[in-house]
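Heads up, the next two complexes both have chain A, just with different partners, chain B and then chain C.
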Partner chain A sequence: MPINTIDGHTFTVNDEGFLTDRAGGSEDLAAILADLIGIDDLTEQHWAPLRFMRTDSATTGVTPTLRRMQTVGGFDIKELFLLFPGKPAKKLAYLAGLPKPVGCV
Partner chain B sequence: MLANKLAKANLPDLTITVVDQNDDHHYQPGYLFIPFGTYRPEQVVRSRAAQLSKQVTFLRQTIERVDPDGRQVHLAGESALAYDWLVIASGAAPRPDQTPGLMDERVWRRSAFDFYTLDGAEALHAALANFEGGRLLVHISEMPIKCPVAPLEFAFLADDYFRGRRMRHKVDITYVTPLDGAFTKPVASARLGNLLEEKSIRLASDFAVAGVDPQASTLESYDGRHLPFDLLVTVPVNMGAQFVIDSGLGDDLGFVPVDKHTLQSVAHERIFAIGDATNVPTSKAGAVAHFEVDHLVRNLTAAMAGQPLPSSYDGHANCFVEAGRGKALLLDFNYDTEPLTGLFPAPVVGPMKLLGSFAHQPPRQAGLREDLLERAAAGEAAAGAERDVDVRQGAGHSQEVRSHAHQHY
Partner chain C sequence: MRAIPDGFLIPDFGGASQAPAAAASTDGAPTAYAGPRKMALICSKGNLDMAYPGLILGNAAAGEGIETHIFFTFWGLDIINKKTNDKLKFTMLGNTAMHMAELGYLRPGLEHVSMPQAMGQLPGMTAIATRMMKKQMADLDIPDVPEFLDLLQAAGVHMYACRLSFDMMKLLEADLHPGVEGVISAADFIEISAGAQTIFI
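The block that comes next holds the complex of A and B.
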């Protein structure tokens, strides 16, 4: 597994760049990673779903789906698409330091 | 399975009652083959009661709700059953009502079908037989779903089916998924990533479904994509049983939150759950229930004796994948290990290649495949050279590979 170092943050990632250990994730790091995927500024609107994702996955053990972000977190899916264009589920997981949502293959 | 194993364990003072709303035990992996005429409906249904040990009482009743504090299961009507220990094994069910517009009478069971129910699979069989060509969408609404590779298998088999009918060129197949690809795990996407392209199946990924527009016959996403369809084969959102939801025992999808190793409810120590009914982060698949059952027998036995729960399920799952054209794949993984490549030492059938395709014996009474086999045996060229070779391989291995790839979970 590759080890990345950015601005003093050292963390292990998988081949796609997702953190392999959620403990390596932090809000500082999320702000740096956001820059890499073309999200210039993380506003409070971005932070709310990111924080929900981390809290929720800490109890369930899995990254929440977009549906769960809506039904449990109360976030509007359309808005998530605007905040994290194109691939909100994947981008949210990437920034939150969690595995991307996967199937079994 | 659990009831029979517990009965066999001969625990003192234990009486076991199984409650189910019907006596029809469905072999659900068989649904996949009904639309293509490989299986007939009666081949996948058998009596539940007939599978149970004589020491187990079978009660055919609808459960309305569970009262965990009063330790009672309330049944339809006024009756209730008291319990010391409760195991919830009520599975997961497709909920087409959760996708707006899907059940509109202009599309539902006319041009939009599911195949995760027996009547849906039967209806789709008729629709496929009458399909004259056009846009076919094979769609997953949201994870988790039962047998997560079945939609992909459906797309592969549909490709096969239309080739067999010599009309593949008239059918535009698109695989629509909320995930970022058809293969989401690195090793699988590296090994299998080009399968869709090889079969000329389009991919629409990151598709968060907002609903069906029954007027326009389109599948709509939250980011404004409209996919037109002539035939929509959808896997609706999967949810746990209604009584679980009504009893407040489920999560947002009605799955029972349990400790992923002991399978004990996180909220009630006298409740356990097994199979698709739980929220454990592994596939919803029959193989999982099989691998869970021995752990649960040991843990229940210990719980009844007032001892700590000794047995820890590791998320082990495996899955045979029907890849079309008489080939199959085998996946094997758990909570911590990605699917591995290599050989799986299966008894009887011999080692099987993991994550590489191997030829398998065609399902018995496979209408389409039998035709092809007969033609291949007679030396008649089938639809394409590749198929011809594949079919012969399948036939050549039929003595050796006695297990059927459709016995995937």
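The block that comes next holds the complex of A and C.
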């Protein structure tokens, strides 16, 4: 599997680039990766859904979809689209160090 | 934004939403559309089971950062009409692919057997089938139709009602879901959907 190195962080990724080892994700790394995907500054508003994603997937074993972020996490979909523009679910999963969500809704 | 280092593998967060650049034409002929990826869905059916494909695809497209437009026409207007969209129904009639997973518990293999059409005509059968489908959807945490429209609106999906069907069915604009941006003509939609991948449902 490909190995990415940045600022002293080394982690394996799948063929799409998502982190393969959930333990490899950290807030320090998330801040670095956010900069790479065009989110310059991770604010508390960004951290809340990212942290929820990690705790939720730790119990369910899968990455929550945007719908689950709304119903279980209580996050506003519109806000998630503003915070993580373009592909919010995938960006969230990437920064949280999780695989991309597989659910349809 | 920081540049991506050499050899760093990163998921595609934008490039994939762009249509592939058309090959430059050498003889001056018009080239294929090469702008950002765009999708247009036409929802023409008002059955519960036919409402979901458009809503789910529209939501998925928006989540991929694709500019998405949905045009509701004919019976599809029932999806965005607040007076009807919480009462969409599912009928077994005319659906030869009607199976029930639960029947497999009675006898293995039964879950793949298509149910007789005559059953669908029994009084109350449509209500039962509708209730069952709604439950199965809810179990998967799929929102019901009105809530799905809220979701699409929040995701920035553009929705329109078809002028001709709207007039034909004598609907009121006040009855339309607030996410619907307008009642537009077929020609308007053709203009809006220029360059889009169009899906008719």
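The definition used in the following text is that the second predicted complex is superposed on the first by the 102 of 105 C-alpha atoms of A that agree within 3 Å, B and C clash if a C-alpha of one lies under 4 Å from a C-alpha of the other, contacts with A are read in each partner's own complex, and residues count from 1 in each chain.
Here is the rule we go by: a contact is a pair of C-beta atoms (placed from the backbone, for glycine too) under 8 Å apart; a residue touches a chain by one contact, two chains touch by 3 or more.
Being a predicted model, the structure only gives us computed values, none of them experimental.
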**Message:** Contacts for A:Asp35 in the overlay, against chain B (first) and chain C (second): which applies, first, second, both or neither?
**Reply:** second
**Request:** Examine A:Arg51 and indicate which partner it touches, taking first as chain B and second as chain C; both and neither are also allowed.
**Result:** neither
**Request:** Have a look at where A:Arg22 lands relative to chain B and chain C in the superposition and call it first, second, both or neither.
**Result:** neither
**Asked** First (chain B), second (chain C), both or neither: which does A:Val102 touch?
**Response** first
**Asked** Of the two partner chains, chain B (first) and chain C (second), which one does A:Lys87 touch, if any: first, second, both, or neither?
**Response** both
**Message:** With both complexes superposed on chain A, which partner does A:Gly61 reach: first (chain B), second (chain C), both or neither?
**Reply:** first
**Asked** When the two structures are overlaid on chain A, which partner does A:Val13 contact: first (chain B), second (chain C), both, or neither?
**Response** second
**Message:** Residues of chain A touched by chain B versus by chain C: which partner has the larger set?
**Reply:** C
**Message:** If I apply the document's touch criterion, which positions on chain A are contacted by chain B in one structure and by chain C in the other?
**Reply:** 15-16, 66-68, 71, 77-78, 81, 86-90, 100, 104-105
**Request:** Would you tell me which residues of chain B are touching chain A in their complex?
**Result:** 142-143, 148-149, 152, 177-180, 182-186, 188, 192, 206, 208, 210, 222-223, 237, 251-253, 257, 260, 279, 281, 283, 285, 317, 319, 321, 331, 333, 339
**Prompt:** For the complex, which residues does chain A have touching chain B?
**Reply:** 14-16, 60-62, 65-68, 71-72, 77-78, 81, 86-90, 100-105
**Item:** chain C - residues contacting chain A, complex
**Value:** 1-2, 4-5, 8-14, 17, 56, 59-60, 63-65, 140-143, 151, 154-156
**Complex contact set, residues of chain A against chain C** = 2, 4-6, 13, 15-18, 35-38, 40, 66-68, 70-71, 76-78, 81, 85-91, 94, 100, 104-105
